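Next come two complexes built around chain A: one with chain B, the other with chain C.
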Partner chain A sequence: MSKSNFTRRGLLKTSAVTGAGLALPTIFTAQSAHAFTNEPTGGTVTLGFNVPQTGPYADEGADELRAYQLAVEHLNGGGDGGMMNTFSSKALQGNGILGKKVEFVTGDTQTKSDAARASAKSMIEKDGAIMITGGSSSGVAVAVQALCQEAGVIFMAGLTHSNDTTGKDRKANGFRHFFNSYMSGAALAPVLAGAYGKDRKAYHLTADYNWGYTTEEAVKASTEAMGWETVAAVKTPLTQTDFSSYIAPVLQSGADTLVLNHYGGNMVNSLTNAVQFGLRDKQVNGKDFQIIVPLYSRLMAKGAGANVKGIFGSTNWHWSLTDEGSKAFVKSFGTKYGFPPSQAAHTTYVQTLLYADAVERAGSFAPCAVAEALEDYEFDGLGNGKTLYRGADHQCFKDVLVVKGKENPSSEFDLLEIVEVTPVEQVMYQPDHPQMGGAEASLGSCNNGA
Partner chain B sequence: MEAIILQILNGLDKGSAYALIALGLTLIFGTLGVVNFAHGALFMIGAFCAVTLSRILTLSYTVVDETKTDFLGNPAKVDVPYVYDLFGQATGDAIIDWAVPLSILFAIPVMMVIGFVMERGLIKHFYTRPHADQILVTFGLAIVLQEVIKYFYGANPIPTPAPQAFTGSFDFGAALGFDPNLIIYPYWRIIYFVFAAIIIGAVFAFLQFTTFGMVVRAGMADRETVGLLGINIDRRFTIMFGLAAAVAGLAGVMYTPINSPNYHMGMDFLVLSFVVVVVGGMGSLPGAVLAGFLLGILESFASMREVLAVLPGLNQIIIYLVAIIILLTRPRGLMGRKGVMEE
Partner chain C sequence: MLGLEKKDFQLLLVVAGLTLLAPFILNPFPESSGMAQFNAGYPDLMQRFVIFGIFAIGFNILFGLTGYLSFGHAAFLGVGSYGAIWMMKLISLNVIPAIFMGIVVAGIFALAVGFITLRRSGIYFSILTLAFAQMSYALAYSVLTPITGGETGLQIKSTDRPLLSNLEEGEIGRANLFGMDMRASFELNVGDWLFTFNAGYYIAAIAMLASFYLAIRIFRSPFGMMLRAIKSNQTRMSYTGLNPRPHTLAAFVISGMYAGLAGGLLVAMDTQVGPERMFWTASGEVVLMTILGGVGTLIGPVLGAGAIKYMENILSKINKDVLHQWFAFLPDGLEDFVITLIYPFIGKGWHLTLGILFMLVVIYLPGGLVEGGQRLARALRGKKASDEDGPKASTEPAE
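Moving on, here comes the complex of A and B:
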């Protein structure tokens, strides 16, 4: 009979020591070799494209993804180079980013904050994405931006229009090229006053979520400043599909203008319903009844069909712009895919180039170095004229397009016409503007992660 | 007063859609005993029958027009629909304009076939399984159908307008002696209500006044005894499934000009339609119709600005609130029969 030396306590001690010993090298290497999250070590660098691939904004997401693929192709030296040729910065050479070949992974946001966070987290932790970009909703942008801040990666927002993204929810690691509700209101109001007069009674229907509130607030403030009166502002559930019970009482209220603070399917349905109700054929207070859609998207205008004709709105970019940057992008995108890009495609393409350029200029992928390179950076040639990436809130400031549904479209893409290019000075605001979270709004400090 | 009339009108057309879907649901539940969660998808497929027919009618060949340029500056390609060649431009335009009403004729056979295939291919295997299994399999089927539609038609809504003759709205206010513009109502929604009333009347007449209907009603009351009499009740029930699919499909076809169809429109209606069925009384056809209109009108009233000012958010919960009250006071629903879903 042999005697065993194994005891429970001994086994535990040995395991603990062995475990600590095995873990020791990785603890040190993690600290020493990686100065920031997902620091690229090989010959490639991975970007994470987080777009809605399923759900109601899947078509917009698909267009974003096309633009991202085009941007990656151009960064790696493929294709005709697109807007890299017209970009005022010449740091990008078509040899990847800092000489590393650009690769990408994609995630599906489903236009749900939790799903978007989960896919971004997976791209950061499993795929080693150095930067996350994309999205087609402000709820998603705010959620993913916060996640990227915690994880220590840069977030380059896609299509997000709520003031909050770079207002009260701004983050040091997050950047937005797309315009916002405040800018839409500020650009639209003078055009509306010019077209429809300063004596108007407006009735707002507002999607009952974050973006709807900030858009209503912005349009109300800027139109009231022009002399308009707001008769009523009614919240509509995001899941609403038939807006008849909200639209029917509009005429009874004495309003002569209807503002639809709706986006996506909501916008398509509410506008279609309003036109069906014959609102635009009516005369109220001795004036023709008018409808306004503060945020336009060509993909959505397509859904609303002929109902958009003559209706004013604003947009971040439109393929019919004739500056060199826009022309180069439309040519590149149109040749590759056979149709012109949407504003979602434009902003995501530009964000990818801006990120890559910032890395080149900083000479590092470290998020804080990239953020510093982007802050207060002025550039041109990317389709919106002279643009400033303001350091105080990480919001791009550029001209805003006021558009109108085209009366006689020549093709299925030719749905909007540019009425006015509102100069950037007119849509500028202070970083502590009350609509942007006031004095309490803060970027916090930059996070390199790791 | 005007506001009340307006909301009743609003409720009637919303109620028409609920009633048509709930009618189909109840037909299937009453005859086959199956809780069909794919019924909303049938409504959606009906709407896409209209989209499909209008695409077929606008099938085109391209001609290069040297006088115009496309967005890249190349000579523009202009689409010429084949119907122009067949009937001339004026008649061709008229046919394309009337795509939605024409889709009724297209949707009936398509929906019947889809109904038969669904019933024979999948649902009949679940007759003897618990309701939970039926709900799971039909819900899964609904998601599959949704994704198939999204694959072919995309995620964005597709505008499918009513014929030019029916655009615009009727001024009820002026007709009733109120001030003009106070009570206006779109022509197409009036047509939708009348259409729903005709379909509902036709289904009731079919069940009430034909021998086939009599057998089906007997089967709904006591399936076993009818079977013992040597009648092939299963075959009739399959036909009823096809009929219910066609009713849902037609509701979808006619709904397309009201809201541009997209792939998840069925789901938007499904849950509400189930509430309608439960409130109306499981298995009761008149109950489904009554509850459809009742809940449609209540939902409209709850969306009034004056009501929302007092009770914010009421519009989102009114239907469920009423359902709870009715089920607490009348556990079988408004017109439910004893013994249904109670064994």
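Moving on, here comes the complex of A and C:
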């Protein structure tokens, strides 16, 4: 048997030491004199890039990360400067931000809001990140945005298309450059009316989660406004991989148009199923049957292969745009990585530049000062033409691209062609629009943190 | 002491010491050194260590003692979280009622699920619990969106006005304990070290110690003996005239309430809930934690939870640039070669590292990390495995 060395004296000693240890912080308490959370004091400033590196959106996440690294290189004066040369604001000098060298930390959101928040928190609490950016799902973006609001840092949203991010869940510390469901609907409707006529019967298949709901609502509202009729809207589970049982009833319903409110793998599968069923060769009500995909991305088009030919959708940006900004970006991204950037890469690169520029113009890293510099800020030369960062909901307003699957792609990246650039006036809405949370939605007040 | 045997009490003291001094223990490297990457002493991760520790301790009461492998335990964590956040949104921002609500809701849910699933044992039980958890996940993700917020989940918003709070117009409520913000921290600078003492962490740590104490009492009680009897031979137990069902159900509910406590604490520390918390991978994670640490041991699940959360949060954040900084001293070609070798195991490859570690533990240390610790201790003491007085008290057989 072992001898116990657990004595009264031992206990007293241990508790005295423990007590002293616990009391220590109260002696040393030096309330740090920071004016705001993670105020950069040395010669560097840390940004947090929080993207999905595993899970269903890992491809988008990897492309976002490439764009972030490119942006940091450009901000620190490396490379060819990319869109910094075409940006309408000339505040950025290529010497970091406010003379501080830009460093970054990365994290994996796993496309789960819990993991994303854990990763963002570690960036804020451990690495001292002054700004968090990234995300490629609206659930994650909304969760991280709320966290940044609480912690008092700026959140620059990445790939998030749901209305909620700058709608009912908008926050004073959060900003979104990417477009949203409402804009997709508003941009698509006139093009669809032009191509397919004004008396169509639409059947919606909608991914059963928030983004699906807002997209369905937006497309329904815009198409009904120009005379279409919605026959049915069916929700499909997000985990569904075989959509045949959902496609079969479409023809019996008398609809002549199918709207697939699906993203990523969902869209690839549902579109493939629909084409295999021969929907596109059918004639209903004396019209050719048509399929529409409200949100397109190049990575999705690649997954669906030849099935996307001739199918309409909308996108935030495409590398084949020929304005100076887009050309500069495609060139420096292509030089570094060997292939053209996706829209996810574009929006994250732009967000990083916009943040850095706002800090330069504000002359401070304080979140409230940065937010003020971004609000109602108009800029140009970042690939989408003239753009407004609206102060009322922190959403960017710019032209929206309506695209179509290309009939004769020349390479694996050249899958979409731009049908129309819908001018910004057409996709504008009031900040208290019912689809955006109505009058109840508010930014709250900006938070500088500790 | 406290109704514990000496050995158990010492174990409790060790755990108490470790948790209370965690801000020092987890931050061993100076801020400016390259090794600071491995520091884990920041509030969020420390909170996760103890909260998932609670979750794993609770799981171990069911799996370690009765041998019933529940593959849907995350459902109780999630349900507890939803209960807690609604309490905060509607009634009070104080964390105590919220945590209490989490425990109660999870307990009731566990009673219902346990009543149905415990009719079967072995693989059928596992599949049934898995089915329930996936069902809860699917419900929370879409069907119950008005209650659960769907994919986006629930947060405290500026429009939430809990009954027992006096928030200003537009102010976003924050979780607190009688006015003390969960996010409040002391920061202690000693030379190049920065130690953070966070209010939320200490509240979670106290909850963890209480649950740990309760788990020891359960392990040593006649009830615990009953549960072990169920594991070793349920049929024989029935033949001796004892009905195992009420005991397993009780263990299942207790274990569910532990998960509810963990869920409530997660909400108290970070006021948001999303349905992924109930996804089957989350249920699988707690199984991994328990097996990695040591099934049926007292401290094992806590160690396992710590190991997994550490890898998830620290390893996954090492990227290529960090590696380049570390190996900058090597000649260029060699540097690239070394980095190519290491890169698959860090950053997004942390799952791979976890998988390898898990395989190694299961093959070479069937008793988990605890067994590893014991072997090490024995080797250090220069004794053979035959000693009777090793910390066997804490390692009841895994089988």
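Please note the rule applied: the second predicted complex is superposed on the first by the 418 of 450 C-alpha atoms of A that agree within 3 Å, B and C clash if a C-alpha of one lies under 4 Å from a C-alpha of the other, contacts with A are read in each partner's own complex, and residues count from 1 in each chain.
By definition in this document, contacts are C-beta pairs under 8 Å (C-beta built on N, C-alpha and C of every residue); 3 or more make two chains touch, one makes a residue touch a chain.
These numbers were taken from a predicted model, which means no experiment stands behind them.
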| item | value |
| --- | --- |
| Which of chain B and chain C A:272 touches, first, second, both or neither | first |
| First (chain B), second (chain C), both or neither touched by A:237 | both |
| Touching partner for A:58 - first (chain B), second (chain C), both, neither | both |
| First (chain B), second (chain C), both or neither touched by A:302 | first |
| Which of chain B and chain C A:322 touches, first, second, both or neither | neither |
| Touching partner for A:246 - first (chain B), second (chain C), both, neither | first |
| First (chain B), second (chain C), both or neither touched by A:408 | neither |
| Chain A positions touched by chain B in one structure and by chain C in the second | 54, 58, 235, 237 |
| Of all residues in chain B, those that touch chain A in their complex | 2-3, 6-7, 9-11, 13-14, 68, 70-72, 76, 150, 154-159, 161, 167-169, 181-182, 184-186, 188-189, 257-260, 262, 264-265, 268, 299-300, 303-305, 308, 312, 315-316 |
| Complex contact set, residues of chain A against chain B | 54-59, 232, 234-235, 237, 239, 241-242, 244-246, 248-249, 251-253, 265, 268-269, 272-273, 276-278, 281-282, 284, 299-300, 302-307, 319-320, 330-331, 334-335, 339-340, 410-411, 413-414 |
| Residues on chain C engaged by chain A in the complex (per definition of touch) | 6, 9-10, 13, 17, 20-21, 24, 39, 42-45, 48, 138, 141-142, 145, 150-153, 155, 157-159, 170, 172, 174, 183, 186-190, 195-197, 270, 272, 274, 276-277, 279, 312-313, 316-317, 319, 321, 347-348, 350-351, 388-389 |
| Chain C contact footprint on chain A (complex, rising order) | 1-2, 4, 6, 14, 18, 21-22, 24-26, 28-30, 32, 53-54, 58, 104-108, 112-115, 117-119, 121-122, 125-126, 137-139, 142-143, 146-147, 149-150, 162, 164, 169, 208-211, 213, 235, 237-238, 440, 442, 444-445 |
